[in-house]
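The following block contains the structure, expressed as structure tokens.
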Amino acid sequence: MFDSKLSRRDFLKTSASAAATLAATQVGPFAGAAHAARDKELNILCWEGYNSAQVLDPFRSSKSATVKAESLTNDPTMINRLRAGEINVWDLINVNNPWARKIMLPEKLIKPLDRAKFEPYFAKMMPQFKPPYKWAMDDSGKDLLGMAQRFGPYSFVVNTDKISRKTAEDQGWDLFNDPKLAGRFGILESDDWNVFGICCIAGFDPYQPHTPEQVAKFEETAKRILKNKKVVGDIATMNQAMISGEIDCHLTGGTYSASPARADGHLNLRGVTPNKGPLAGGKGGIAWIEITSVVNNPHGSPLAEQFLEYVQAPEVAHTVAFAEGTFNPVAQMGNPECFKLFTKDQLEAIQWDSLEEEMARSVEYDIVPDYDKLLDIWNAAKKS
Amino acid sequence: MIEKTSVLAQPGRRAALPIMVLLALGFVAPLLAVVGFSFMPARTFGLWHEPTLENYETIFSDNTYVSLFWSLGLASATVVLLALICYPVAYGLVRVFGRWSTVLTLLFTIPLVVSENIRLYGWVLFFIKGGVLPGTLRTLFGVEMGDFLFTPAAVLFGMVYVYLPFMLFPMTLGIAMVPNQMREAARDLGATRWQVFREVELPLSTPGLMIGSLLTFVLAVGAIAEAKVLGGQRIIPITHDIEIAFTYAQNWPLGAALAVLLMLVVSVLVLIVLRRFDLDQILGKR
Amino acid sequence: MTGTSEPILRLKNVRKAFGNLAAVDDINLSIGEGEFFTIVGPSGSGKTTLIRMLAGMERPTSGDILLRDKRINDTPANERPTCMVFQSLALFPHRTVGQNIEFALKIRNVDPATRAKRARELMQQLHLPADYYSKNVTLCSGGERQRVALARALAFDPQILFFDEPLSAIDYKLRKTLEKELKDIHRETGKTFVYITHSLEEAMVMSDRIGVMRRGKLIQVGSPNEIYSTPRSRFVSEFMGDVNVIPVESNGAGSVRSQTLGASFKVPPAAIESKAQCLVVRPEFLRFLNSPSDAQNSLKGVLYNEYALGSRIQYQVRVGEKVFLVEKLRQQPFKGKLDDEVLIGWDPENSILVADE
């Protein structure tokens, strides 16, 4: 492919200019903005919901600001985009709990918040978020790294007409090891969460370093589960397949994925947290909490912190909980002013009745030490 | 003409300069970046590392061939099925349906304005358990429909459906290009309707068939939504592999290497076909 | 030639209507075995529709087409022992010269060796080089393609060959050569040729008989000489080429009178018919006179212009508003100068009286 006379130096020079071109292409829409005053604009990298007009429009008009939000459904992708140079682009990043303190702060991708200003908000949240909240703090417990809002248990979803909630909770992840379920379940495509799920089905904790035996077991389980599945797809596909009866349950899911169907009246679709399992302390479920942090952007917008305050207001927090896409509990429901905004149907959609016990049975989302290896195995298994 | 000053001396070249720059920036540069990335170490995000062949080694040592096989196989099957389905339809549009051709052409074209994904989700609702087709069959005839959705057959169905216009219209053009007198002459020389078709119309409309096949093949090799939506990811085509590498796996270099591999395979196949069937010769333009 | 051979093709009251329009209207005709019959007419006269019915590509709305007394109205083209050479020639571009010529034989399952032998014979007969056998037909020149098309039509030995203006797109010199070649082939093969063209000149060169068509009707059928010397209408006479036409009315025995010219002309007594409304005089029968007594009919005019026509020279003479054409051989040109007053005249026996239609 390359002329052998081409020196490595030449090659690097060429590559560098190509990289520059690529970078220029990628940040194109924002390229001119880098040096301009940025007090009237805000760029948010987030999970879907924060990019909705319901959430952003009131903020836009009150600040007469240009707010751009891009939604992704994948934490590592967002973080890698900051790593690849988009730290100059974004002002806020909204990802799951461990990334801020374990990855982004050490890599200087985000910067701490004014603790005096923001910590009081935690006091008004639900009890488990009482300050100092672990996932919002750095390792030393000194710096506040972000704000909590949406959260939820996320293990798997069943159609209670086919599999009772009790059976599902009792059997836990072993449900998927049952040969009788072959061809009757789906897998909600979700990178890291699929890896967690397969670890749990294989019977070990995803968040601990894994022995070669466990890795082998993971591969066997991944292949078996993929062979037995009926369908892999997105949330809409899963809910559609559950409602129509194509499948009885699906791996990777919870209030986040089932809530749109539940809000639509399909209360037989229910996120289930197993009573027990291979996770720390014998727990059976995994829960996620989003932490929104200020990006360490050299030209950061002053609107970033204002936005974080804006979404703490009861009305806005309620809007965030029921923004377009998926519906989720928010930490601000600890504030009666906020809680009273939720209707009975909305509480049913987000499984409020069992939220507390499900959270209690769940460990919190964490980083898998050998994630890349397990993900490669999982992706390869998809093909075979 | 006397002095050769520079390549830009000719007005034509000067006029073409803006579009050449645009093409270079918009088309060549990203392509070069992809090629460049394919030689970077796995899971890196810059082009300034020391080049390596490890991504290509990974591709050839793991089971990527499975997805490549699915992509090429499904694309080939799509082309064959489309050729069989579209030829009669195209023939009808040109020779049989008369005034209704316009209406039919419109019916084939209108769906193109709706996003492919939305149309595919429509088919999901059509085939899903209790959906339009199985529901109707059960209610009216008491027949239970076997599994179709989330099978490779459903993927093939989706691809045939999505790429149908891309085969149909070149084919229609190809058939329309066969002069009427050519068919009359063959008939006058004693050929039956079937012989006219086999000896004259079919060979003379091959350019349309070839262009349609190449177009659909290249598009179908790049198909991804059909396998995701209708196939429920029962199978993973190479394009999905590339997407996984670029997104979930966050392994841009591997994704780039897969993309380069796919480009090479498709280019080679297309070149072989083009060499085998000289379009100019078929069209008699030489 | 008409009476000498049995009719091979007979048309009885053949009519073809497209909607309300009769493209071919009540045609009765009989074409003899081995005859070279040409149908001539301007575009839109219905000649193409007529020949397409004869070849089996259109079906008559009414009337009968008989081939050797057998009605063939409903016989499709591929089952008729006839073949057509198209205006576009319709050679198959994906086939070689040989394959084109052999097409009809291949369709009839003739074995390849016999096919090739026949093709090579025809190529020789039609002056096509032998090495053209495997040449792509699209690489042949215009004249070569004409020959390939003719060879292809002759290959299966049809009883009648139809020609739909095959020479109309060919340049003059080559057309002249091919016209003669075609007539030679007609003679060699002895087949019945039915040819259509809009050029009467072409028809004159090749045909045994000519039928002139106008607005879907055959208005005159006859030998080239008959058509030339005794046209039955102003249309036919004008179709033959440049003629001088003077609207006249009968003026008693052996004489007609033109209102516009204010003059009377002598005509042969037998020529006067009741519906005769036009006096036709061919340019070659007009001559320049020294005195009015040099001819029985004479007119005084002004020499306006002259045109060289190869072997002849044509002079335009204006008599008042009326334009006359006079032709002389190139070797004996008229000595007058432009704008000179001249006398022109002709003899009564060279007058043709026709209907004004």
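In order of appearance the chains are A, B and C, and numbering begins at 1 in each one.
Everything below uses one rule, namely that a contact is a pair of C-beta atoms (placed from the backbone, for glycine too) under 8 Å apart; a residue touches a chain by one contact, two chains touch by 3 or more.
The structure displayed is predicted, hence computed values, not measured ones.
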Maximum inter-chain contact count - chain pair: A-B
Chain with minimal offset from the mean of all protein Cα atoms: B
Rounded Å distance between chain A and chain C, as computed from the means of their C-alpha atoms: 89
Chain centre separation (chain B, chain C; CA means) in Å: 55
Chain A-chain B separation of Cα centroids, rounded to whole Å: 35
In the complex, chain A residues that touch chain B: 8, 11-12, 14-16, 18-19, 21-22, 25, 74, 76-77, 80, 83-84, 186-187, 189, 191-192, 230-233, 236-237, 240-241, 244-246, 372, 375-376, 379-380, 382-384
Residues of chain B that touch chain A when the two form their complex: 25, 29-30, 32-33, 36, 43, 45-48, 50-51, 62-64, 66-67, 121, 124-125, 128-131, 149-150, 228-229, 232-234, 236, 241, 244-245, 247-250
Footprint of chain C on chain B - complex, ascending: 179, 181-182, 184-192, 195, 199-200, 203-204, 281-286
Chain C residues touching chain B - in the complex, by the definition given at the top: 55-57, 76-78, 82-84, 86-88, 90, 92-94, 103-104, 106-108, 136-139, 152-153, 156
